[in-house]
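First chain A sits with chain B, and in the next complex the same chain sits with chain C.
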Partner chain A sequence: MLSMKHITKSFATDNVVTHALREINLDLAEGDFVSVTGPSGSGKTTFLNIAGLLESATAGEYWLDGEDISKLDDKGRSRMRNQKIGFIFQSFNLIPDLNLFDNVDVPLRYRGFNAAERKKRIEFHLEQVGLASRMKHLPSQLSGGQQQRVAIARALATSPRFLLADEPTGNLDSSMAQSVMALLEEINRAGTTILMVTHDNTLAAQAKRQIYIKDGRVQEITDNRNIHNLAVG
Partner chain B sequence: MFSYYLKLAWLSSKKTWGMSLLMVLAIGLGIGAAMTTVTVNYLMSANPIPEKSEQLYYVQLDSWEPTEPYFENGDPPEQLTYRDATALMQAKKATRQVIMSGMAAVIEPKNKDALPFMVGGRASSADFFPMFNVPFLFGSGWDAQADEKKELVVVINAELNERLFGGRDSTGETLRLAGKDFKISGVMARWNPKPKFYDITTGAFEDVEEVFVPFSLITEQFFDRSGNTNCWKPSESGFQAFLDSECIWTQVWVELPTAADRDAYQGFIDAYAAEQHKFGRFARQNNNKLSDVMTWLEQRQVVSDDASMMMAMALMFLAVCLLNTVGLLLAKFLGKASEIGVRQALGASRKDLFIQHLVESGVIGLAGGLLGLVFAWLGLSAIKAMYGDWIRDLAELDMNMILLAIALAIVSSILAGLYPTWRACQIQPSQQLKAQ
Partner chain C sequence: MLELGPMLRALMRNKIGALLIALQIALTLTIMVNAIFMMIERSAQMARPSGLDETNTFYLTNTVFAPDYNLQAALAQDLQRIRETPGVVAATQINAIPLSGGGWSMSLQNKAGDDIDGTGVAVYMVDEQGVDALGVELIAGENFAPSDIIWRDEAATEWPDKIIITKAMAEAMFDGDWNKALGQTLYINNHEPMRIVGIIKTLQAPWNGWDKVENAMLVPQQLDGRNSRFFIRTEPGRRDALMPQLEKALAESDKGRIIRSVKTMEQTRADSYREDQATYRILFTVIVVLTLITGFGIVGLAMFSINRRTRQIGTRRALGASQWQIMRYFMLENLLISTAGVVLGVAGAIGLNIWLVSSFAMKPLTPGLLIVGCFALLAVGQLAVSYPALIAARISPATATRGRA
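Here is the complex of A and B:
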């Protein structure tokens, strides 16, 4: 599904080169649920941005769903983001002037679906996150948890195979965070691969695998499935 | 996607309505000022008789003073002497030819209660009407025989017919003009070519005369001549002496359908000048010109330098307004950086974003264009109020001008939007999404 080899990202100013990521190697299988943790400034978000094709790596190979990302131009990367990747952000990033229906509609417009197909998908996914009755509301009329649910519906609208979540519960209280987490687990069970950045170790432990990044390097990969199994066993 | 982009443009404009209003106002003012002056220039430089302007030629012969040319640039005088003009007319070398001059006379209405009044008119030969495609409501012009026999016939315009005869068919009736009874041979339909190309010596944007009478009656001295008369050589006293003098006061137009006809006629007037040269006239014998309608108007600079200068200044003002719009659009689009970042994350390519923002610029331009039309209308009304009647027909927005205003507004606002749009498309989504 996802394969990164020797991914490096560095930022050069006049006389200083800062290495945000160094030699990242990672493989994600279909249906994986991987959480990424690490201290602030460790490179978690940069890693997620590269995985989501929002930034390019300085060096290394990145294959997503069989395509070599380094060979794609802006149009190709946009197509990949639209068709294969869904994004969930800490601050939801809903467009404030658009109602819920139109917010979920955004990726579908770029996908080129006809009006009937778009309507069907929007209604289905808003129903899925329990907000079908509030389609005509603006984001500002919703609570934080509800806004994040809309963002999830928007991320799922194009049926992506890969979901990227950057601190999806960071702006939510613990009960809302748990309900969003439950929703993500449900989505993962349905077959979507998820990569989630979080600073919350409890939530990170709910993922199937955990990656710990520090100083731009993957320090540790933990397979929670064995731990869960052991715990269950 | 276009309707989607229109919807986004509307939402965006609504959200930043103050800024949008400023941009619409800036474009509107620029377009309004530009269209006001462009309209006046456009109508000033319009072809008044497009269907045959290339077949009608104004004749200039250089009978002027041997020591000094009439115009500084050496061009021949803009009018002809009576003797030269009549010589050309008698030669009948063109398909049609007309001799003419301005005139003025008093009309005595049949209604005894109405006071006599003065009208401006034109003394011309019969070909004037078919040559310049003059439209008639009733009747027609007179024929060449009427010219020869000096018949008392008259063509009046629609306004005078309305005033004197209540708009009915007055052909065959008499009109008391200059103390004589003239028979009305025709009533012209509304015809007011701008510029009044057939005689621009007393102003290119005057209205068409109210009455037309045979030029041959000039020699009878029933009425006063009007227009410019310029003389360089003293003449003896008496009207006949004036007719034989070197004073220039008549105009001659000829109709020459083909280039061969034109060349032949040029040969004819050159030969005429050469012959006159032998008699001691025409010191510059080869300085004779045939100019078609548009060349003649251009040569006489019918569109004044002032009008061109005004237009240039108005276009510069439009450029300043557009520069302001560039700044406002830049602020507006960069203010949408986070939305642009989100859209990129959700699959919008730079091309998608580019089109979206150009459509938004175009929508603002369209609104600015419509407002500009209102300003242009106000500007033209102000010009009409300031300059009076002569500019009346020059200060009207026609469909071409309306379309030009809208197109100019949209194209210029899209141009103004190019840089802000390009900048907006350079936004790095990752930074915006993180910054949220």
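Here is the complex of A and C:
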């Protein structure tokens, strides 16, 4: 499903080269639910951005669903993001001037679905997150938890094989966070692979596997299914 | 896939900026189309042929101050001197200069009588070399013979019995058919007959803004006043050399007068249309400035909008929008705003034109110009938004995850 080999990301200025990620090796199988934790500035977001094709690695190999990402141009990467990846952001990233229906519609239009297909998908996924009755509402008329649910509906609408969640509960209180987490688990049970960046160790522990990143390196991978640690060289 | 519906709904929720730009486009179109129309009209007016051989003609003014002066003998002698000068094709004494702004006009009528409406006509008193000196084209009939020319003192009111008129004047007098005019008699001062002996193609009146500027007639008369003008046509390329030469020769030949206002017809035309030229340039400047302001306004709004929506653009990119789709979004958004502006502008342009037509007797706008104006402004909008749209397209999809809101 996802395979990273020796992924490195560095940022160079005139005098300094900063290594955000060093030699990341990771394989995700179909149906995995992996959480990524680590202190601030550890490289979690950079890792997520590279995994989600939001930015490119400086070196290394990255294969997603059988495609060599390094060979794709911007258009190809956009197509991959649209077809294979769903995104959930900490700040929800809903478009404030669009109602819920139009927000969920955004990736579907880029996909090129016809109006009937789009309508069917939007209604289905808003129903799935319990917001079908509020389709004409603007994001500002919803609570944070509800907005995140809309973002999840938007992420699911294109039927992605891989869901990337960047601190999905970071802006929510604990009950809303649990409710969103429950929804993610349900989505994972339905077969979608999930990679979730979080600060919250409790939530991280609910994933099937946990990755701990520090100083741009994967320090530890914990398999919560078997509760044992694997050392990473 | 185009996003017209969501885009329109988003614009309606956030309409102040878009509305201001649409109004600016509307105002620009309103002014631009009418200004261009006025420029076209002015340009057409300035391009009208005077009928003269403007490149090779000039004139000078002879002012006599000496007492006991034999005007007729001196004028005849001057004309002879001018005509004998090598390089001069023809010369005539004339009472007024076309397009100069000063001259004579009379009214001609088809029938004799006191209560008959006449048609205004500019009067040029010339001798038998008048047609040649002016360089006008005689298209029917004949020129005046030397025997036709009569002296006229400044107080005289009588008119000769022969005239040459312009084709436009002939059409005005004979139901649009100038062919009927030759040999016919027209009446001046209500009762004095004048027989049309010739038709010339074009000769403009001294006043370029007169609605009957093409109505002119030549009469075989020579004024014996103390102020007189000689109109001279030279061989091609010799005008500029002959002007000072003749001025000097005439001035030196007779110390009882002065020679002044030596001027080419080209200068006269330039002077005549100076205001029109200035208006043309002002209108052009207004159009350019307005268009630039509108263009910059669009750039400004688009840049503001892009800065405000950086995260949103990053999110769209993350959700699968290609760079082209982002660029297209902003260009399409501009097209919607511009179209609204253009629709308002068409109404404004027509409204302004109706007012101009009723207040200043301007002609009604042509639909073609209005359509061209609309497309031009839509193109300006697209051009103006293309750079901000390109900047938007270059926003990284990683912006979606950077910076916590």
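In this text, the second predicted complex is superposed on the first by the 227 of 233 C-alpha atoms of A that agree within 3 Å, B and C clash if a C-alpha of one lies under 4 Å from a C-alpha of the other, contacts with A are read in each partner's own complex, and residues count from 1 in each chain.
By definition in this document, a contact is a pair of C-beta atoms (placed from the backbone, for glycine too) under 8 Å apart; a residue touches a chain by one contact, two chains touch by 3 or more.
Since we're looking at a predicted model, the values are computed, not measured.
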Do chain B and chain C fit side by side on chain A in the superposed arrangement, or is it a clash?
clash
Touching A:Asn99 in the superposition: chain B (first), chain C (second), both, neither?
second
With the two structures laid over each other on chain A, which partner does A:Phe33 touch: chain B (first), chain C (second), both, or neither?
neither
First (chain B), second (chain C), both or neither touched by A:Asn82
both
Answer with first, second, both or neither: which of chain B and chain C does A:Leu54 touch in the superposed model?
both
I want to verify the contact counts: of chain B and chain C, which reaches more residues of chain A?
C
Would you please give the residues of chain A that touch chain B in one complex and also touch chain C in the other complex?
45, 49, 52, 54-55, 74-75, 78-79, 81-83, 87, 89-91, 93, 95, 97-98, 106-107, 109-111, 154, 158, 166
In the complex, chain B touches chain A at residues 1, 4, 11-12, 14-15, 338-339, 341-352, 428-430, 433-434, 436
Chain B partner contacts - residues on chain A that touch it in the complex:
45, 49, 52, 54-55, 74-75, 78-79, 81-83, 87, 89-91, 93, 95, 97-98, 106-107, 109-111, 154, 158, 166
Interfacial residue positions of chain C with respect to chain A in the complex:
1, 3, 5-6, 9-10, 13-14, 311-312, 315-325, 396-398, 400-402, 404-405
So in the complex, which bits of chain A are touching chain C?
45, 48-49, 52-55, 74-75, 78-79, 81-83, 87, 89-91, 93, 95-99, 102, 105-107, 109-113, 138, 154, 158, 166, 170
